[in-house]
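Have a look at these structures, which come just after this line.
One chain, chain A, links the two complexes that follow: it is found with chain B in the first and with chain C in the second.
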Partner chain A sequence: MRRKQVLQGNIIVAKAALAAKCNFFAGYPITPSSEIAQFMSRELPRMGYDFIQMEDEIASLGACIGASLSGRKVLTATSGPGFSLMQEHIGMAVMAEIPLVIVNVMRGGPSTGLPTKPSQADIMQVRWGTHGDHPIIALYPAFADEIYSETIRAYNLSEKFWNPVVLLLDEVIAKAHEDIELPRKNDIHIYKEKIHRIKDLNIYDREIGENPPRVDFFKGYPIHIDGLEHDKHGWPTSDPETVNKMQTLRMQKIYHYLDEIVKFKEYYMEDAEIMIFSFGVSARSSLAAIKMAREQGIKVGLFQALTIWPFPKIPLKERFKRIKKVLTVELNMGQTKYEIERVSSDDVEKKALLRANGIPFTPKEVLDKIREF
Partner chain B sequence: MRNYEKYIRYRTFPTPWCPGCGNGIILKAIAICFSELDIKPKDIVVVSGIGCSGRIPTFFNTNTLHTTHGRALSFATGIKLARPDKFIVVISGDGDALAIGGNHLIHAARRNIGIKMILVNNGTYGMTGGQVSPLTPQKFITETTPYGNIEPKFNVAELLKGARASFIARETVNRPRQLKEIIEKSFKHNGFSVVEVISNCHINLGRKNKMRDPISITKWIASRTVTKTQYEKLTPDKRNHIYPVGVLFEDKDRLEYSDLYYKHIVPEAQASIPQRRNQNGK
Partner chain C sequence: MENRYEIRYGAVGGQGIITAGALLVDIAVKRENKFALESPTYTATVRGGPTKVDIIISDQRIIFPQACAIDFFVCTYQKPFDLYKERLKDDAIVITDSNLVKDLGDTKNWKLYRIPIINETKKQLGNIILTSVVTLSITQKLTNIIGYDNMVCYIKKWAPEGLVDLNLKAIKLGRDLIN
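Moving on, here comes the complex of A and B:
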């Protein structure tokens, strides 16, 4: 039965989510992500699980948090405008440390923007969309097989770190039909945490560097979950010392495990003199451009970020010790460009190929930019 | 220890409410209902949004969830779908449920999802200092209507009836015994139920409207509410600003959402699974 299939990007996400044992979907239709909801509405009831179309994206994520607290593995899918609405509950999920997977198939913005055109302009919204200091994990696949593996990784990370994980997709990749060989069930690694029975209310009691505890209803002792800043019991508090400790714990549960979370791919980097930093569909254009450039004898390589948040700061700093020319290719007006400026020193020559008009770069355009060095 | 006290989380006291607030009466009425229906604390989830009434769940010794402003019903929907066997109560204020959360309210009513909602109507945004809410009476002075409120208020019961809720009731904190009975009836209802509890906010609403103390504001509430039978005897011109209390609407026949989902959608979906072909034949 293992044979190549031709599947749409959105469907690959849905299939991977089911493979990762997702059993709850709440969503609201929005182009270009609706296929995920449609697929889930057909498949989840067949497995005896729940699908619900809510009244808006805010309610969708609310229902997901409720289900996640009841022990379900949840998914919701949306696009930029819906993702803007979801920010309120992303903050709630970060504060209460609830695992969630949110798919954001990006489209041109701001506002209603370009519903059927690609864009990579939600990078900063993913990072800083909800108010307050908060950790976030965002994954960004570019190829069909990566969509599958990164969706499963999104579940594993969200379960392990008890934090929302955003899966970013480009409109063209989500809508394109590509051939993919789905992995066998036994080849998929799914993170499983030992379920501790909660003996008391101190559900958030842990030390810095420890993985967060499991926060679930119906596991024994009745617990309190709060969107307010809370102490180890979950009670609302504004005691400065407790607040400081809780905020540090939330940030450090991600930043202590960067090695596990940050993932990237490199192409032609061994002897590269120019490095392209890119992700998603722009990375695919860049890769094609690099092949063309190599034929012309230009030594250029690609750093493709699969984890976009936390930003791959340490591996990039390592590369910048040797490579002194960097080109950022992204379908926006320059969002990761500033991140690259932050992680590279002044002696690195920086250029950026930016555009946000809904048309992906052609390899030729990237090649022309490479030749400007 | 009286029976209902095991549902109270004494560790989190004192409450943040002003002296004389009606929230305490509602808290106790709900706790008594839990004990009379003998539901295990670990099987209950009490969900709330933001506001004075949003802090009620903190004091229940059950699973409790204090969420974002107005969205409590959406969280409760997720919990109910994931665990239809559990008992889910939502406590929401008037600003929480009808202003910012109005959309969630009408859709929960339309779905008839089995959530028991207690809508605490104190006619103002108490926690933020007393601003106008969708249930502030006309001509009232609030922090944001210094020249009097010109907007009419919602008729919650009629709104919910239009949204097809299957259990609608109204009661006041003036009558704790009847309040408990009404809440108990709503808890026994299978489907979406709303009990609008008219409560007092003498500090942030009454103070600006010549009702400084709990007594005068509860007297005012009493003057505006009549029983259902009394209400029906009133001539239409006298019905203005008078609200009936008691169970106002009940539809016992409508199926609850998660029941419908598991009894209709799931079998239907499972029947539609394409039959796997024989290993040998094609």
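Moving on, here comes the complex of A and C:
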């Protein structure tokens, strides 16, 4: 039997990042994510790698982009206000197709907001924070073991799809010290793509649905990386046909692989007449509430999203063919509630339990809401 | 709901209760193979302001990660007592420092122990920081949520060299204070 440990959520992120071979961190500490930077500042130099505390979050992501281009596996960690500052560089990384893993331990907002209180506030900021149409992947663990596995998955997806991946975390879970059994090294799958030796500099050239090739940056090839729209060589262009092709390539590299990217867990769903849609700490409130409801004979189940973006539209639509009552539970004023409205038909009765005052829902509060159906 | 036991320690920063929470969870997980979770205060209040740590221990995986029906509460100062007595069960076991928590308000059906934890720790052990192990020992004795032998073994290994005896004295003091 593996030995159980007691680890703080933030430290689980840092340990998983190191297990995924992260070898660069640039960041600016911010509550409630600071322990990630603190841990990496000690561990990375010890391993011969780099930790840089930058002057702010804009510079932090800039440093991560540079490091990623040079072949490093990078990490930065922040909270809502810092994540706002990172938006421009997130767009740059999407446009230039650069792998990044960004952890956002959310807190109440807007602005400086509620620094030490949980809020599932940045779900829409993750999706649409940077300007322009763009693909984004966001993962959202709820339990200690999921923090570990989803951090590893964030690296694998960012490396495979050459795109920023955001790991969202709730303050309650990031700050709690919880029992966890870490997996053995051999049980961890780390995605590794072979490096292509490019001949003709067409680094963005590929068919729709294909991933961009991993190229050997800074090894004797002149490569053009740009935030401007570009052609297959990476040179700036505004030719409508090329722009259309490049936009499609970037979107489809994600949307062709939804089966691989979209992950969720289901509890008590086999005979459920009511479905709760939730994630993070709210999924934990909901699951505890469902156990109480089941004791009272209420047939309710949980759909816990582990991938929040791309939104789990297809599996949800499938569930709505059978289940005609849905309760969205989220610690904000209603962000994914609208996504649920988009993916469910009019004959589905929809309710939402929403709050943004820094206090997670107790199971009893969720139970009371379930009973309103 | 899962078979869970909820514990809250409240104090002012520096009295050592955050350490007490960490010790309790570590013993429960590593020596008793239980599921456990603790959420300590981490803001500037840990340096002299009101602090608390919530601990949940269960035989099953802990689903909801916050304390919402507290079974056991130790508090060594008035302000944290006023702030953190919410969410206590009506029949909770409540231990307060008899010198530093004067106003208890409505004591419901609490099983109440008023004992001079801080004074006796200072007088008998010479350092207020040992409140951590005293609190742990009080918790062990009154709840049996962790075994006595497991606690002693753990503390012997955990205590810095030369301070093992002092920590064992702290365990004894915790037990004596309850008698």
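Some notes on this structure:
In this section, the second predicted complex is superposed on the first by the 367 of 373 C-alpha atoms of A that agree within 3 Å, B and C clash if a C-alpha of one lies under 4 Å from a C-alpha of the other, contacts with A are read in each partner's own complex, and residues count from 1 in each chain.
What we mean here is this: a residue touches a chain if its C-beta (ideal position, glycine included) is under 8 Å from a C-beta of that chain, and two chains touch if they have at least 3 such contacts.
Source: prediction; values computed, not measured.
In the superposed model, A:A176 lies in contact with chain C only, and not with chain B. Applying the stated contact rule after C-alpha superposition, one finds that A:L114 touches neither chain B nor chain C. When both complexes are overlaid on chain A, the residue A:M92 reaches chain B alone and has no touch with chain C. When the shared chain is aligned, chain C comes close enough to touch A:A288, but chain B does not.
Shared-chain residue A:G62: touches chain B; no touch with chain C.
Touch criterion met: A:P222 reaches chain B, while chain C stays clear of it. By the document's definition of touching, neither partner reaches A:M124: not chain B, not chain C. The part of chain C that touches chain A in the complex is made up of residues 1-2, 22, 25-26, 29-30, 33-40, 42-43, 61-66, 68. In the complex of the two chains, the chain A residues touching chain C come out as 3-6, 31-32, 116, 143, 172-173, 175-179, 281, 284-285, 287-288, 291-292, 360, 362-364. Chain contact summary for the complex, chain B toward chain A: residues 9, 11-12, 41-45, 47, 57-58, 61-68, 71, 73-83, 86, 103-104, 107, 261, 265-266, 268-270, 272-273.
In the complex of the two chains, the chain A residues touching chain B come out as 24, 26, 42, 45-46, 48, 50, 52, 54-56, 58-72, 74, 88-89, 92, 201, 217-218, 220-228, 235-236.
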